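You will see two complexes here that share chain A, one where it goes with chain B and one where it goes with chain C.
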Partner chain A sequence: MIDVAVVGGGPSGLAAAVRLAEKGFDVAIIEVMGELGGMLEQCIHDGFGTKFFGETLSGPEFAERFVKKAYSLGIQVFLNTYVKEVKAGGGLKEIVAVSSSGVQRLETRVIVYAIGCRERNGFEIRLGGTRPAGVYTAGMVQRLINLYGVLPGRRILIMGGGDVGMIVARHLHLEGVESILIVFPEAGFAGLPRNVQQCVLDFGIPFRPRTVVKKIIGKERVEGVVLTRVDEKWNPIEGTEEFYACDTVILALGLVPYTCELKLGVRIDPATRGPEVNEFFETSVEGVFAVGNLVQVFDYVDDAVETACIAARGVEKYLNGELKTSPVRLVPSGKVRMIVPQRVEWVDEEDVVAFLRPAVEKSNARIEVRNSEGRVLGGFFRRYVRPSTLERIEVSRSLFSGQREVTVDIADS
Partner chain B sequence: MFSLESKVARVLKKHPYKISFRIRDNIVFLEGEVESHSKWVEIGLSVGRIKGVEGVVNKIRWKSSGKEAEKEEWRRRVFEEKRNTVVGEYDVVIIGGGVVGAAVARELSKYELKVALLEKSTDIAAGTTKANNGMIHAGVEPPRWTLKRRLNVKGNAMYVKLAEELGFRFNRVGSLWLITPRTLAPYRRLLPGQLYSLVLKHVLPLMVKIKGLINGVRGIRIVRGRRIFELEPFATRDAVAAVFIPSTGVVDPYEVAVALAENAEANGVEIHLRTEVVGFIKENDSVKGVVTNKGVFLCRFVVNSAGLYADEVAALAGAEEYTIHPRKGVLLVFHRDTGVFTRHCLAEIILPQDPYTKGGGINPTVHGNVLWGPTAVEVPDKDDASVSREEIEFVLSKYSAIIPGFPKDRLIRFFAGVRAATFTEDFVIRPAKWVRNLLHVAGIQSPGLAASPAIAEYALEKLMEMGLRLKPKTGFNPRRRPVLAAASMSLEELDEKTRMNPAWGRIVCTCEFVSEAEVLEAVRRGAKTLDAVKRRTRAGMGECQGSFCTLEIALIISKETGVPLNELLKEEGRLFNGPVRGEHV
Partner chain C sequence: MQTAELLCTRCPRGCLLRVKAVESSVAVEGNECPVGEKHAAEEVLNPRRIVSTTVRILGARLPRLPVRTSEPVLKSRARDIVAALKNMVVEAPVKGGQVILKNVADTGVDIIAERDMERV
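And then the complex of A and B:
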């Protein structure tokens, strides 16, 4: 029997495992792929680690720091191993894992899920037309180029103006493809401002805001798409349809927590689409934690890693048998799209770290925590908030005492 | 008695166009010009409905029909190139590797015959067969005097044995046709007060039951009240009665076709993929050779089971007796975890039938997914498997009433298939009228999948009537080597398998729990493309729709087949179309 089984060997899983091993716990990492590092392995661009390490690293470099640590701490690592079943009952959990050496059973006191997110596909946005070869998700393309040196096609259309879309656009531009066009329904890019500058504007890559793909055309291979302009509500504007010739459509439609692999029936928050967690990232099942992009998709790997570090403290508390009180629910208001954690329930001294995504774009904003009567309990000034940037706040624990539910809202300052 | 000529003339007079026609052996050839595809369909169907018409060749032109010239030119060129290259000599050449062609091949493989199955695509079942709801109809619906009716009921009964021999999944789930106040809404005015409810509860279900009995469908039961919801707990509470048809089943249509083809091949049938017919070498009234892009297949008999292209193949052979008018059906796929919402093939009877959803409903699959649809829309293009946002919304709104609580947000995919309908709207399984040794097995639309085992037997009867002599093969093995799947193994079995072959323990598709061993096995059994592997293993059919595993699977296929990653096909087109890094773009 071990203390902690971490499912998923990406940055968040690695961070959680390393922190816990440093505290002296017996930790194992179970990873389905053939190597540790997760999605960072295909992210060869830089910009990772600015918050966590205070320097800018490429994805594999960022991962490498944790991987080395993990091995030097003697963490057991199971690669090419897939968690098929999980049983929890009476405090002990059993993991049934499948790998090339057979079916293994692992008893553990705690499970930390860090299985990340998946990319949204064309079916989820009901992308019409035909379904020929030549339609890929952006992550698949990154992997294809960076790990296998193959380009997906020559004339590229990218759907989505988020970070991933912009980064892939820059990459394909540098690889020398014939043409690139980025389209997105928003008025401006949805990704981080630094990516707009460094990935798109610096290279003069063409883009069209307020534009969506109405349908894909082509029988065997993509021959083109029909583009259409949309209004502020993303409704197509009639008469703006236009054929655009390309042989490749890359879907950078955003990421969703990959919850279909959670086998324990943990409660899912429809807003984050990840499991509901408390302030130490424990799910609705005791002793089962969830960290990183599985909980909600973060803008920076640094933030994802921070959740793992917080969870490590929670795991320690859980294993030490520390106490919980009655939970205080954190509820997003109309101007906040979602918030993590969804509840605060441990007895602890330290402030609660919460992440929230604004639903509005606003300068001189105040993020407010209010009680159920609407009284403001605390506030955080922000020069600028926008949906593309996740906000991190540290809320003093005293604020929650005596409450059953608090609302988080964004007001004018 | 009116002559067929005068009947056709009378029907054509109703349309405000100058349409000329001639009739040869009860086949009607139409010529003229109309302004749209829908008129083309309408006129074809109205002639096809005339009693005594055995086929409609619809050569009426409509705006924007074109492109044929290009195809004709290509066929002519390849024909000239290949007419002297002989591939081999065969007793029977089957054209078309859909479920029907595969079933005929398997039936023929029971006898001492040299048989070749030609398929233009890169895989078996890549046309109409791959894109339907997998329903094995009981046979209530087909009109009484049709060939469809006879072969449907018989084919359905043959599935149990076939599934057992070939090792494909077949679930006799039964169907439940709900009757609600919406069922006869347009007639409500004619049925005042209690009468409406009486008709809904008692008269209509009885009529359906009698229709089924006449067709030879057994076991039909009428259920009312609470019994409906015991059978189908999530069905709409509006249902006042329902007709339960126990013999309806579901299969995975490509699994069936692949199983048939594999077993046929194991029993000596040659399967030629990427082999497209471009013409025929004829002597007098007989086909001597089938000319393809691979060369000439000399033959004594030809079976035309070319599905959507059966009319073109027939025309190339000089046996033009029908025109196919493609009818598209859109289907929505829901995640496996929605399987709990549907036990039966569920439909709500709505009269009069909506011509755009004929036969549609909510169906379980053998894998636990749920399918909604299909629609039924006439399309000009045989390859038009496109799905528009509007069509998705249409299906979603159309069937919502059947299971009001269904989690519609669990939609994970949509697709469309195209039915190979003729204007007479019945199966055309008969010797060609003007070619001695060609058998038509055409116009196989719904319930073609259900009927296919019976179609194959019937086709063999016809071939015998045409002079084919059948001598049973002594070594015929009716069983297919079983296909194993990690997802359906117990942990102990999987453990044991993995210890013998570590590839069983490498899970490459996590959404559907597919191991590397299964992918390798599919490749070894003949799958050469990503989609062929997907159809056989389900890798890529889950929640993420292949965004995680596509590349992984492609690498395995590439390694196993020796085809470089950037030359690998998805289905017909290259999966990745770009250069390898370092090459010029």
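And then the complex of A and C:
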């Protein structure tokens, strides 16, 4: 029997495992791929670690710091191993894992899920037309280019104005494809301004807002797409259909927590689409924690890793048998789209770190925590908030005492 | 005189900065705060980026090794740098941080490996 089984060897899983091994717990990491590091291995661009390490690193460099630490701490690592089944009744949990060496059973006191997110696919947006070769998700293209040196095509159309699409556009441009066009239904890019400038504007990559792909055309290989303009409600504008010739369509439609792989009945928050967690990232099942992009998709790996570090403290509290009180629910209201954690319930001294996604774009904003009567308990000034940038707040624990539910909103300052 | 439009990347607001530069004096419009002015000056007078790409590697678990410039280089040189590495081949093992190519495309900056790659 071990103390903690971490499922997923990406940055968040690694961070949780390392922190827990440093506290002296017996930890194992179960990773489905052939090496540790997760998605960072294909993110060869820089900009990682500015918050966590105070310097700018590439994805592999960021991952390597944790990977080396994990091995030097003697953490047991199962590679090429898939978690098939989990039983979590009472204190002990059992994991059934499959690898080329057969079926293994692992007994553990705690499970930390760090299985990240998945890319949204063409079916989710009811993408029309045929299904020829040459249609990829953005993450797959990034993997092909940066791990295998394979370009997916020469004339590229990218659907989606988020961060992943922009970063992949830069890779494709630098590696020398013939043409790139980015289309998206919003009025502007949905990603961070930093990526708009450094991936798209820096290289003059063409893009068309308020434009969507109506259908893909091609028999064996993509021959082109039919583009159509849309209005503010994303409804197609008649008479604006246009054929655009390309040999590759890249779907950069955004990321969703990978909850379908959770083998337990944990409660899912429809807003984040990840498991509901308390302030130490424990799910609705006791002793089962969820960290990183599985909980909600973060803008920065630094923030995802922070959730793992917070969860490590929670795992320690759980294993020490520390106490909980009656939960206080955190509810997003009005101008906040989602918030993590969804409840606060441990007896603890330290401030609660919460991450929230604004539903509005606003200057001189005040993020407010209010009680059920609407009285403001605490506020946080922000010069500017927008949906593409996740906000992080630290809420003093005393604000929650005596409450059953608090709402978080954004007001004028 | 040089003019440019760019997005400020210092905060979520992402102000659209319109910049006019005459030699080393810079006039900025569109910034909501002083940080934008400083940012615009840097971006117009000396816009630098880390450039990342991959090179072919032999004898490793993967066929490509991720590499980057050891320091930020003028952003206008990004494509030259990637082109200069196009036919480069290295052999495993490689250590993260190891210099793969000195003074790439005459920029005065080296290309370094982003990770260890063991020989298999």
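Everything that follows uses one rule, which is that the second predicted complex is superposed on the first by the 413 of 413 C-alpha atoms of A that agree within 3 Å, B and C clash if a C-alpha of one lies under 4 Å from a C-alpha of the other, contacts with A are read in each partner's own complex, and residues count from 1 in each chain.
Throughout what follows, a contact is a pair of C-beta atoms (placed from the backbone, for glycine too) under 8 Å apart; a residue touches a chain by one contact, two chains touch by 3 or more.
For clarity, every value in this text was computed on a predicted model and none was experimentally measured.
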Superposed partners chain B and chain C on chain A - clash or fit: fit
Which superposed partner A:P206 touches (first chain B, second chain C, both, neither): neither
Partner chain(s) touched by A:Y82 [first = chain B, second = chain C, both, neither]: first
First, second, both or neither for A:K219, with chain B first and chain C second: first
Touching partner for A:E61 - first (chain B), second (chain C), both, neither: second
Which partner, chain B or chain C, touches more chain A residues: B
Partner chain(s) touched by A:G374 [first = chain B, second = chain C, both, neither]: neither
Partner chain(s) touched by A:G149 [first = chain B, second = chain C, both, neither]: both
Superposition-derived angle with apex at the Cα centre of chain A and sides reaching chain B and chain C, degrees in steps of 10: 110
Touching partner for A:G265 - first (chain B), second (chain C), both, neither: neither
Chain B versus chain C as contact partner of A:V96, first or second or both or neither: first
Which superposed partner A:T137 touches (first chain B, second chain C, both, neither): first
Closest approach of chain C to chain B (Cα atoms, Å): 5
Overlap of the chain B and chain C footprints on chain A, listed as residue numbers: 145, 148-149, 175-176
Touching residues on chain C, where the partner in the complex is chain A: 6-9, 11-14, 32-33, 49-54, 56, 61-64, 66, 68, 75, 78-79, 82-83, 96, 114-116
Residue numbers on chain A that touch chain C, as the complex places them: 34-35, 41, 44-46, 56, 58-61, 63-64, 145-149, 173-176, 192-194, 196-198, 201-203, 363, 383-386, 388-389
In the complex, chain B residues that touch chain A: 383, 385-389, 392, 411-415, 486, 491-492, 494-495, 498-499, 502-507, 510-511, 513, 542-548, 550-551, 555, 565-566, 569-582, 585
Footprint of chain B on chain A - complex, ascending: 32, 80, 82, 84-85, 96, 98-103, 118-119, 121, 123, 126, 128-134, 136-137, 139-140, 143-145, 148-154, 175-178, 215, 218-221, 247-248, 258, 260-261
